[in-house]
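Here's the structure, in structure tokens; my notes come after.
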Amino acid sequence: MKILFFLVTFLISGSLLAAESSNKNMPKHEWSFKGITGTFDKAALQRGYKVYREVCEGCHSMKLLYYRDLMDIGFSEAEVKAIASEYTVLDGPNDEGEMFERSARPADRFVSSYANENEARASNNGAYPPDLSVITKARKHGEDYIYNLLIGYEEPPENIEVGDGMYYNKWMDGNQIAMPQPIYDESVDYDDGTDNNEKQIAKDVVAFLKWSAEPELEVRKNLGIKAILFFLVLGTVVYLAKNRLWRRVH
Amino acid sequence: MDDQPNKKRRDFLQLSSITIGAVGTAAFMWPFISSMNPAEDTLALGTTEVDVSDIEEGQSITVKWRGKPVFIRKRTKEEIAEAKLVNLEELKDPEKDLERVKKEEWLILVGVCTHLGCVPLGQKLTDSKGEYNGWYCPCHGSHYDTSGRIRKGPAPKNLPVPPYTFLNDTTIKIG
Amino acid sequence: MSNSSEPKKYKNSFLNWIEFRLPIISYFQKEYGDYPMPKNCNYFWSFGALATITLVVMIVSGIFLAMNYTPHTDMAFDSVERIMRDVNYGWLLRYIHSNGAAFFFIIVYIHILRAMYYGSYKYPRELNWILGVFIYLLMMVTSFMGYVLPWGQMSYWGATVITNLFSAIPIIGEGIKTWLLGDYNVGNATLNRFFALHYVLPFVILGVVGLHVAAVHVHGSNNPAGIDIKSKNDTVRFFPYMLIKDTIATCVFGVLISAVIFFGPNLMAEVDNYIPADPLVTPAHIVPNWYLAPFYAILRAVPDKLGGVLLMFGAIAILFVLPWLDRSKVRSCNFRPIYKWFMMLFFINFFVLGYVGMLPAEGTYLLIARVGLIYYFAFFLVITPFINRIESPQTLPASISDVYLSENINNLAHSAEKETN
């Protein structure tokens, strides 16, 4: 029993360690949503949404989000209506059988700049700007990777030839990326007086993307603590009951 | 001699194990049950805005609200008068016509028969409007009047009025 | 309500009424109440119960997910994300289901490891072992199909790679592959039939589990000493003695799986599966689910396509005949001083195979996979059949009670001391 038990523990912890060790080299950063009780900073998310609108939205869609979702990050219903109404969506057919344009409503999905993937590729030298709805779940190292990428633009080293329409980035696979550096100091004006340096802007937009990928994060962690406490309490009581019960077995 | 308190403690432990386990199981079931309720995207579609400027007197249109048909009828003077004149004591589900409309000429109803959920006839000009000139449910023969009240047949209640507001003279927001 | 001539076995007349017409009450009393378990069974014997619980949780969460899932290539990815975002507690259902699958395999692997170490597959429980391997096989098929449903990049390319295995069969291979896919490529027809099968196969598993449990109850459970029950003194009733141990195991399991579901729900997921399937772009590094990785490693370790496929299926098929490969009469490895260590090495080897199965098949990793492959088959075909020629097992204890007493002598002394106080 003991040897087998150690073997099982060894194998399981070994695999966890192996998973952990693949994290080498990717610098990690402080995030408010990290940890067991981590939560989103709504002010940062709202700033991040502003960054998305002013910097990213021209090329990157977020098709899985609805405007109504913005109420989760602290916008009021009226504000969300106002934001949505700045976009037009194609609706229809109407009673005459024709498609028509109308302004977006909170129940509409985020409007994409391009009608489809082909148009997006055609406008971006053949590169497809990926949808950002779940981007932090869709890349290894998630938020840390996206943040590093956004601030990872550099002059290419002398021995490296950067392709036409490509840029050098430390963290991109193969170091060449089709997206030009999107964020500079002061490229977005903040209304709340937060210092709008490059790192702060990147950090805010990444926080927004994390929320977009895992909007359930706060509820999930909260419920998780209760679930674990439940099993611990039940386990302890049953363990005591078991000891009593088995004492009679000889 | 030790047996008695031991037994008590064991009973207590077993009882609390069973109680905690039962509470936990019930709590565990809740997310599953809750997942069958309408999702957020469904709830977000809870309002419909309708432009009624094209409807002429005596005409009806049907719009969809929360997946159900909503009847919007611009009533004629005769229909309004007919609805008002009814003696409330004759009604199965007594309601004044005034309580069922916000503007006299506009009657707005959820078009689902209160009997077993069929959609009554009476919207199209060619439809049978039933004995009371309102709507007629072909499933089990319920007759509704020009205020959508049940007058004859098995249906127990009047056709319900959905929550709505006039955004302006020609636009109605349902929901 | 019952006729006066009906037997009165129980105090409750409703129970008597049922029992007379369908004797399920006495059946449950016999199989889950009075059922004698060897009293020296350790917590490894709780993994069967854990697996059953997990299977039920998987089926229930799966049914509720299916209520909101759309098996169409254009909508599958979005419908899964809709479950995660808009359906009440949808994220919980999905994370329970996706992580539950991984934990189901961990539990079943430990359950198999226990059966191998303590020789539970030997006479008279061979059929029980065969049913178990059959369940394992069904689980692999079911989980593979389930992994395709979210229609991410890994779903699509995993399905492509695995179904291409069948094209290795000479002459009819291409035909079989096309028949499986219902298309020339993985497409909408494939997704639709995988959904249908993924929904129904768990119920087949449930049925085979029923047989598996019924079969073990015929001759009773094995135990760490691997010796037969000789008297009533060797056993305890399942209820409440074993049930209470299974409940403790369930709580420990609950803590572990909750930690993953709530605090690291994507730890065991591949990031590429959050990118919608794209038939024109293959991800840089295709990996199977980790619980299928050992077999994937075997597949890639062989330089020949057909040979790799044959060895991979052979690695699973060989499990079926294990009861006849092992010639030793002693069940438990506790009393087999040499085989015990080969057994341990087999477990580690299987783990290492899984590890290299997740890594690129090149250089050292490929070499390790080949060594692992050789040991895997050598263990079954050479070591297991012939080890008893050089190994002399230790003397088996006279009875289960003796084992239990010697293991618990300290506990007993302790409690006796308490009682005299």
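Chains here go by letter, A, B and C, matching the order in which they are written, and residues are numbered from 1 within each.
Operating definition for what follows: contacts are C-beta pairs under 8 Å (C-beta built on N, C-alpha and C of every residue); 3 or more make two chains touch, one makes a residue touch a chain.
Note that the structure is a prediction, hence the values are computed from the model and not measured.
Comparing chain pairs A-B and B-C by the number of C-beta pairs in contact, the larger count belongs to B-C. With chains reduced to the mean position of their C-alpha atoms, the one farthest from chain B is C. Separating the CA-averaged centres of chain A and chain C is a span of 34 Å.
Between chain A and chain B the centroid-to-centroid distance comes to 40 Å (mean Cα coordinates, whole Å).
Annotation: 50 Å between the Cα-based centres of chain B and chain C.
Across the assembly, chain B contributes 17, 21, 40-41 as residues in contact with two or more other chains. Looking at chain C, one finds that residues 85, 92, 247 touch two or more other chains.
Multi-chain contact residues, meaning those touching two or more other chains, occur in chain A at positions 230, 234, 238, 241, 245. Within the complex, the chain C residues that touch chain A are 39, 42-44, 78, 81, 84-85, 91-92, 95, 106, 110, 113-114, 117, 224, 236, 240-241, 244-245, 247-248, 251-252, 254-255, 258-259, 261-263, 265-267, 271-272, 274-275, 284, 290, 344, 347-348, 351, 355, 404-405, 412, 415. Residues of chain A that touch chain B in their complex: 66, 68, 106-107, 230, 233-234, 237-238, 240-241, 244-245. Chain contact summary for the complex, chain A toward chain C: residues 1, 3-4, 7-8, 11-12, 14-15, 18-19, 36, 63-64, 69, 130, 133-134, 137-140, 142, 173, 213, 215-216, 220-221, 223-225, 227-228, 230-232, 234-235, 238-239, 241-242, 245-247, 249-250.
The part of chain B that touches chain A in the complex is made up of residues 6, 9-10, 13-14, 16-17, 20-21, 24, 27, 40-41, 44-45. Across the interface of their complex, chain B is touched by residues 60-61, 64, 67-68, 82, 85-90, 92-93, 247, 419 of chain C.
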